[in-house]
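What follows is a set of structures to go through.
In what comes next, subunit A is part of two complexes: it sits with subunit B in the first one and with subunit C in the second one.
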Partner chain A sequence: MPLKSKDLLGLEYLDKKEIELILDTARPFKDLFTRSIKKVPTLRGKTVVNLFYEPSTRTRTSFEIAAKRLSADLVNIAVSTSSVVKGESLIDTGKTFEAMKADFIVIRHSLAGAPAVLARNLNASIINAGDGFHEHPSQGLLDLFTIREKKKRIAGLKILLVGDILHSRVAKSNIWGLTKLGAEVRVVGPPTLIPYKIEELGVKVYYDIEKALEGVDVINILRIQLERQQESLFPSVHEYIELFQMNKERLKFAKPDALIMHPGPMNRGIEISSDVADSANAVINEQVTNGIAVRMAVLYLLSAKKR
Partner chain B sequence: MANKNKIIMNKEEMNKAIKRLADEIVKENSGVEDIAIIGIQTRGVPIGKRIITEILKSEPAKGLKEIPFGILDITLYRDDMDSMASVPVVKDTVIPFDINGKVVVIVDDVIFTGRSVRAAIDELIDFGRPKRIELAVLIDRGHRELPIEPNFVGKKIPTKREEIVAVEVDEVDGKDNVILRQKEK
Partner chain C sequence: MKLLIRGGLVVDPETKLNNISDILINNGRIEQVKNGIKADGAVEIDAKGKVVIPGLIDVHTHLREPGHEEEETIASGTRAAAHGGVTSVFCMPNTHPPLDNAPAVEFVLLKAQKEGIVNVFPIGCITKGSNGEELAEIGVLKKSGIIAISDDGNTVMNSQVMRRALEYTKMFDIPVISHCEDTALTKNGVMNEGYTSMVLGLRGIPTHSEDIIVSRDIMLAELSSGHLHIAHVSTKESVDLIRQAKKRKIKVTAETCPHYFSLTEEDVKKTNYDTNTKMKPPLRTREDVSAIIEGLKDGTIDCIATDHAPHTIEEKNKEYDLAPFGIIGLETLLSLVVTELVNKKVMTLSEAVSKMTINPARIFNLKDRGSLKKGNIADITIIDIKKNYVIRKEDFVSKSKNSPFVGRTLAGFVEKTIVGGEVVWPIKEETNR
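After this line comes the complex of A and B, so read on.
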């Protein structure tokens, strides 16, 4: 069963079977990393454009490595240094790359829905690498892959997302993906950072971290975006640390083998203490490795002849 | 018109053919030294394992407990991805030994156009530099599109291009059979 869409815009738009197909395909791709030659000729002759309207190192590099390991040609566009700053529209920019025969456009944009606009207007496959507060599907998929790899399943697990749920596209993709695969998803954070009516997505909301941690199998700690602090969404960083930082003491409320995840980059000493980040339960570096395998799987599965 | 299926090899004939493949591999290589077997997913894998079982029964393999065995999935090396409506499922490639200096015998159930074998050789070479690569197939049905010929053949069957040769093996299909199937007109 192939993917239904030519694009990857979010986990909201994938069904359970499609998500499982991507995770199943990523596993043999991960095996490639143990070989001395980590490259296969699968996407030879295809062109991938990384179009990043926001700065990013890990996601952009991860897509770059994924494309190169599949033998695709790759172009990186950092919008701040391109002619896009001269005022060209998003659709015109996309059409320019399509005229250059780009097969995939991986786009990060500060506005939610920007990838969907491109997807509707272009034949190339559009991959959302993060759009506003909306979704970051490849990060969501790599989180799912990591959880499944470590816990051997997702259905029935209790998974807690901690922190700034409101501004986190990672949280949104996690919520869509994890609930579709049958996990119990909990969120905890300051009330100002929990989106209105988020319960309607099937998650349980907590404001007390110790209660939220009770019996959880996985803790996904989100980055506190310090730049948002200027909007006074919580009283002070010090108070956030007091109430929500994941540290050794708090960890005792979770299951002893609970996985510690973080999408990076981490603010050590703020949302996560160093001893937790470096603990045996942390899989933060493995998330990065798995990200390449999952992105290879996405590029591979979207490379079917355009329908 | 309904599908017409004709059994062209039964269990017994398959066993005989696999034993003969094993005998020829040992004979042509003057023994079992340096030999490794690699089966192409899916049905080349059980056939490759059966060849190893037969080789281990042979005189030159006396005292030997195992022969290196690997599994090759050629999906990521195919040359027809562009023409497919959906991409094929990627399976495992497992080569748990060093292929450098080995005589690697690739095993597949059927050779047809030769493109799968081309992909298998490409992938294998990414793992190292074998001393020699040989090819053993249960069925050669002709219609090559590349200049590739097997070293060892279980049975040669002249076919029409549009016919289908289906190899069934107990390990995957629950029975041993080779079937020639006429495509519905």
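After this line comes the complex of A and C, so read on.
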């Protein structure tokens, strides 16, 4: 069973079966990492373009390694956001790469819907590597993969997302994926950082972190963007730490074996204390490893989709 | 020259006409409306099987000239109007430079006279440069030919300035048209705030941003007893506020646009971020749409206007956040009204037509227009109400093609548009004018 779409735009658009297929496909790719030669010829002759309108070393490098381990050719393009407004249009840029026979365009953009615009206009497979406040599907998939690997299941688990839900594409992709696979998802944060109508996605909203933590199996801590303070979304970093920082004391309210996750990069001492980040329950570094396996699975499955 | 429109079903809300009649036009005015007119030497138009209505009056059009002629000009915009059965357009003053001074207004009128094919009635600015601070020379503007004032595109956020505008205009008997948007609440927003914006990850514009200013301006209209006209109503709460205000005899009138009764925020998602669903105010929820329809039915909303806002393909073919707000509307106005309101039995054709003819004429004091009364100027539209047709980009005569209705099948095809007794649509030859 292949994926239905030529593109990966978000977990909203995948059904449960497709998500499971990607996770299952990632498994053998991860096993490959323990071998001395970590490369397979699967995508030989294919070209992947990493088109990043927003800097993100992590995601870009992860896609780069994934592509290379599948033997694809890779081009990295960094576009500064300032040139977006005045310069060449997104569609023209995409068409240029298509003319150069790009098979995949991995796009990171600060504006929601930018990957959808490309997908509509191009034949190449478009992979959303994060668009505005919309989705970050490969991150969502690697989080699902990590949870399933550690907990052996997803259905029935209680999973808490902490912090800036409003501006988090990671949260959005997590919510779609986790709820489709049967988990109970909770979000907690200041009301100004909780999106309007989020409950309609089937999640429970909390403002009290201790209550929110009760009985949870997984805690996914989101990065706080410090500039949100200037938009009056929270009064100060100090107050945020007081109310929402994940620290050892608070961790006691969760299940003892609760997984600690963070999409990175972390603001240590702000949304997460160092002792929690480095605790035995933390799987933050494994998330990074799993990211490569999941992205290989995505490239592999989309390459089977011929246009 | 005499023109005889023969055998059409004449529907005129003002004179309550709704039967097969002939219309005789002499010297640009309506001379006779009755069955079996004999007129030797008159040019005849056969309207059998067609519906004949007063020419439509669009109280909210952006013609873009001067300043953005790549989007639309007075020449192209009036042709788009004629194509849509619109015989009079009220053009908004947010041009470059804006219509905040007499020479600018005179330029538009002169251009319209030379290059326009339908009537153009300019709207002047409320404030100088439309910056919301100091009143424009409204009296001078009135003398140069404006029929209302508006800072459309911007809200007069200073309540004292808005109060003065409503007070000052009482001596000219012209409405103050309010673009209701609390700009602090709409900042950075690109679509309606709600479930869909959350899922799409787009910044939201809450309905309250409209409701707050509607509410404030109604209070200011009460305070000043000036005439407030509310542009492009899009929310349930606004409809309620206007309904209550009318009950309290406050001098308030209102318009909505076809997209607010035919599309919802879900269309942004259905079209996968198509920027032709991006406008201000944004497309709202189904509940708002029902309230708008209710408001049209019970008379709370007086007019249906286009808010025709042309933007080039280059401007619109972008990421959702980067594209400008606005869609064109002149060429789909009547068909959307017929398809969404008349054919769905929300209101009769006569009731629907009144929102685009006699109501605008009354509200904006247009003499001799808006109805097929004897003696009136012969602005007339002939439509084939049963004909279904597909909206195609290639058929638009507007310079811009930014319509979310492309590809839709609509009813109510404009056969002929007559302005001052002359057929302006279909356009015969460009050299004829």
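We take it that the second predicted complex is superposed on the first by the 299 of 307 C-alpha atoms of A that agree within 3 Å, B and C clash if a C-alpha of one lies under 4 Å from a C-alpha of the other, contacts with A are read in each partner's own complex, and residues count from 1 in each chain.
Assume a residue touches a chain if its C-beta (ideal position, glycine included) is under 8 Å from a C-beta of that chain, and two chains touch if they have at least 3 such contacts.
Keep in mind the model is a prediction, meaning the values are calculated, not measured.
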Put subunit B and subunit C onto subunit A via the superposition and say whether they clash or fit. fit
Looking at A:236 after the superposition, I want to know if it touches subunit B, subunit C, both of them or none. Which is it: first, second, both, neither? neither
On subunit A, which partner's contacts cover more residues, subunit B's or subunit C's? C
Touch check for A:90: first (subunit B), second (subunit C), both, or neither? second
Taking the superposition as given, does A:57 touch the first partner, subunit B, the second, subunit C, both, or neither? neither
For A:28, is the partner it touches subunit B (first), subunit C (second), both, or none of the two (neither)? first
If you stack the two complexes on chain A, which partner ends up touching A:37: first (subunit B), second (subunit C), both, or neither? first
One more residue to check, A:303. First (subunit B), second (subunit C), both or neither? first
Between subunit B and subunit C, whom does A:2 touch in the aligned arrangement: first, second, both, or neither? first
Taking the superposed arrangement, what is the smallest distance in Å from a C-alpha atom of subunit B to one of subunit C? 26
Both subunit B and subunit C touch subunit A at residues none
Touching residues (chain side subunit B, partner subunit A) in the complex: 73, 76-78, 81-87, 89-94, 122-123, 126-128
Going by the contact rule set out above, which residues of subunit C touch subunit A in the complex? 193-195, 197-204, 272-273, 314, 317-322
Within their complex, state which residues of subunit A touch subunit B. 1-2, 24-25, 28-29, 31, 35-37, 39-43, 300-301, 303-305, 307
Could you please specify the touching residues of subunit A with respect to subunit C in the complex? 12, 84-85, 89-91, 109, 111-114, 116-117, 120, 131-135, 169, 172, 195-198, 200-201
